[in-house]
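Two complexes follow with chain A in common, the first pairing it with chain B and the second with chain C.
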Partner chain A sequence: MNFLSSILIVLGLIFGLIGVIGVLRFPDFYTRMHASTICLTLTSILIIFGVIIEAVVRGGMDNYVIAIHSFVALAALLVTNATSNHALARAAHKSGVELDPISVCDKLAERKFSEEGE
Partner chain B sequence: MIIASIGVLMVLALLLSIRLILGPTIPDRVLAVDTANIFFVLALILFSLYTGRAIYVDVAIVYALIYFTGTLWIAKYLEPDKRVTKGGGDEE
Partner chain C sequence: MVVAAILTFICLFLFYALLSLGSGVGLGTGMPDILWWDSGELIVGLILSTIAATASHKYMMNRENPSKGITTIFLFLAYLFVWFKELVKANLWVAKLIFTMKIKPGIVKITPDLKTDIGRTMMANSITLTPGTFTVHIDEETGDFYIHWIEVKKEEPGSEDVANGFEKWARRVME
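Let's turn to the complex of A and B:
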């Protein structure tokens, strides 16, 4: 493999490791989701750009097809990851998953409470 | 190099099964499966580069879209149903 894509893929793996450590170690659901979403979006960007660069450097029809389809896969991953995590966080908040006791404020609960009061 | 990267991704997905087993709430488990699925998609793309066949990337795209749909369905059914708890009784 060429140098640049090796660097990109290794960086992506490091960020994936950070995300997994965050999912395992953070205290409540929302902080875990924050670690997972941010780190894994960056992981998918880095690894897929590494694959694209390597496929373009190798050349040939099959590798160009791999590069283009990897770009489509990156677009699908970016859209679906953000959307599904947003929906999951909202559903968890509505179904009553509680924040860690050290949390400072809960803006969504405050807004819901003021709407119900009116 | 590519096979080693796939191995690292699989080890990370295996580590997530700790959160899948321990997770105190249902959204924690869904989050663990969701995160592991992203690792599977990335491993499929790397495997496609290893074998030089583009069909595995297409499999990865379809897999990503299907698990996105699954997560949305689970999120929809996690929410409390407003028609049952609030709205339904008032109109009749």
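Let's turn to the complex of A and C:
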């Protein structure tokens, strides 16, 4: 494997590890989601770019196909993960998951939910 | 109307071709190959994109201003670089917070001046994908974003404090 892809993939794995440590250390659901966002953005971007560079360096049609498909997968991953993260957070807040006591404010709970369900 | 349908068809077929790239190299349907594609794969692609284009061209093209689509694509590519820079900065920031644990989480309200659904979607997704901030709720009538922020610097922040410049870009690209 070439040097640049090795560096990218190892960096990605290090950020993934940091994200996992964050998920374990943070106090409540919402702050844990910030840590998991590291895993799904920088980690996946770095690892997939490592794979793309390796595939392009190796050459040949088969490997170019892998490179292009990895890129499409990355785009799909980022769009769907953003949406699902938002849906999770919204569902958690609606079903009454409490913020940790160290939180300083909760503007959404102060605002009354006038619409039922939606 | 016909132009919109044909443009949609071309986009859909190119995307199908992208996804089925390489089908002619390995195992195919046994039909002859055209460049890197299996010809059976391409025929299925033609049929499917025709069906999809007739059904969806009304929603895919901006009929009031068709040339805007091209500028949107280039602006969006430029935006990706800005976004990636912010993403790396935010990742390093949250990685630091994981070790120091000096967090002050809270849900704050911002009111960006965005009118269209697609502009709001783009901004909310950009905020969610940046570690340190994510969108919990959007009030569709007033356009308020309720954002969980891992380190609340101000309890009444402006859009610039939470999402560095994303509002400006969302307005420029999508509206």
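By our rule, the second predicted complex is superposed on the first by the 110 of 118 C-alpha atoms of A that agree within 3 Å, B and C clash if a C-alpha of one lies under 4 Å from a C-alpha of the other, contacts with A are read in each partner's own complex, and residues count from 1 in each chain.
Criterion: contacts are C-beta pairs under 8 Å (C-beta built on N, C-alpha and C of every residue); 3 or more make two chains touch, one makes a residue touch a chain.
Keep in mind that what you see is a predicted model, and the values were worked out from it rather than measured.
K.L.:
Is A:Val57 touching the first partner chain B, the second partner chain C, both, or neither of them?
P.N.:
The answer is neither, since A:Val57 touches no partner chain.
K.L.:
Go through the superposed model and pick first if A:Asp100 touches only chain B, second if only chain C, both, or neither.
P.N.:
After superposition on chain A, A:Asp100 lies in contact with chain C alone.
K.L.:
Just checking: does A:Ser6 make contact with chain B only, chain C only, both, or neither of them? Give me first, second, both or neither.
P.N.:
A:Ser6: touches chain B, not chain C.
K.L.:
Could you look at A:Ile47 and tell me whether it touches chain B, chain C, both or neither (first, second, both, neither)?
P.N.:
In the superposition, A:Ile47 touches chain B alone.
K.L.:
Touching A:Leu17 in the superposition: chain B (first), chain C (second), both, neither?
P.N.:
first
K.L.:
Return first, second, both or neither, reflecting whether A:Arg32 touches chain B, chain C, both chains, or no partner chain.
P.N.:
In the superposition, A:Arg32 touches chain B alone.
K.L.:
Scan A:Val72 for contacts with chain B and chain C and give back first, second, both or neither.
P.N.:
both
K.L.:
I'd like to know which partner A:Ala82 touches here: chain B for first, chain C for second, both or neither.
P.N.:
second
K.L.:
Using the superposition on A, tell me which residues of chain A are in contact with chain B and, in the other complex, with chain C.
P.N.:
19, 33, 62, 65, 69, 72, 81, 83, 85, 89-90
K.L.:
State the interface residues of chain A toward chain C in the complex, per the touch definition above.
P.N.:
Residues 15, 18-19, 21-22, 25-26, 28, 30-31, 33-35, 37-38, 41-42, 45, 61-62, 64-65, 68-69, 72, 78-79, 81-83, 85-86, 89-90, 93, 99-100, 102-109, 111.
K.L.:
Taking the touch rule as given, give the residues of chain B at its contact with chain A in the complex, in rising order.
P.N.:
Interface residues on chain B, with respect to chain A: 1-2, 5, 8-9, 12, 15-16, 18-19, 25, 27-28, 30-32, 34-35, 38-39, 41-42, 45-46, 48-49, 52-54, 57-58, 60-61, 64-65, 68, 71-72, 74-76, 78-80.
K.L.:
For the complex, give me every residue of chain A touching chain B.
P.N.:
Contact set of chain A toward chain B: 1, 6, 9-10, 12-13, 16-17, 19-20, 23-24, 29, 32-33, 36, 40, 43-44, 47-48, 51, 54-55, 62-63, 65-66, 69-70, 72-73, 76-77, 80-81, 83-85, 87-92, 94-95, 97.
K.L.:
In their complex, what parts of chain C are in touch with chain A?
P.N.:
18-19, 21-22, 25-26, 36, 84, 87-88, 91, 94-95, 97-98, 101, 103-109, 124-126, 128-132, 134-137, 146, 148, 150, 152, 155
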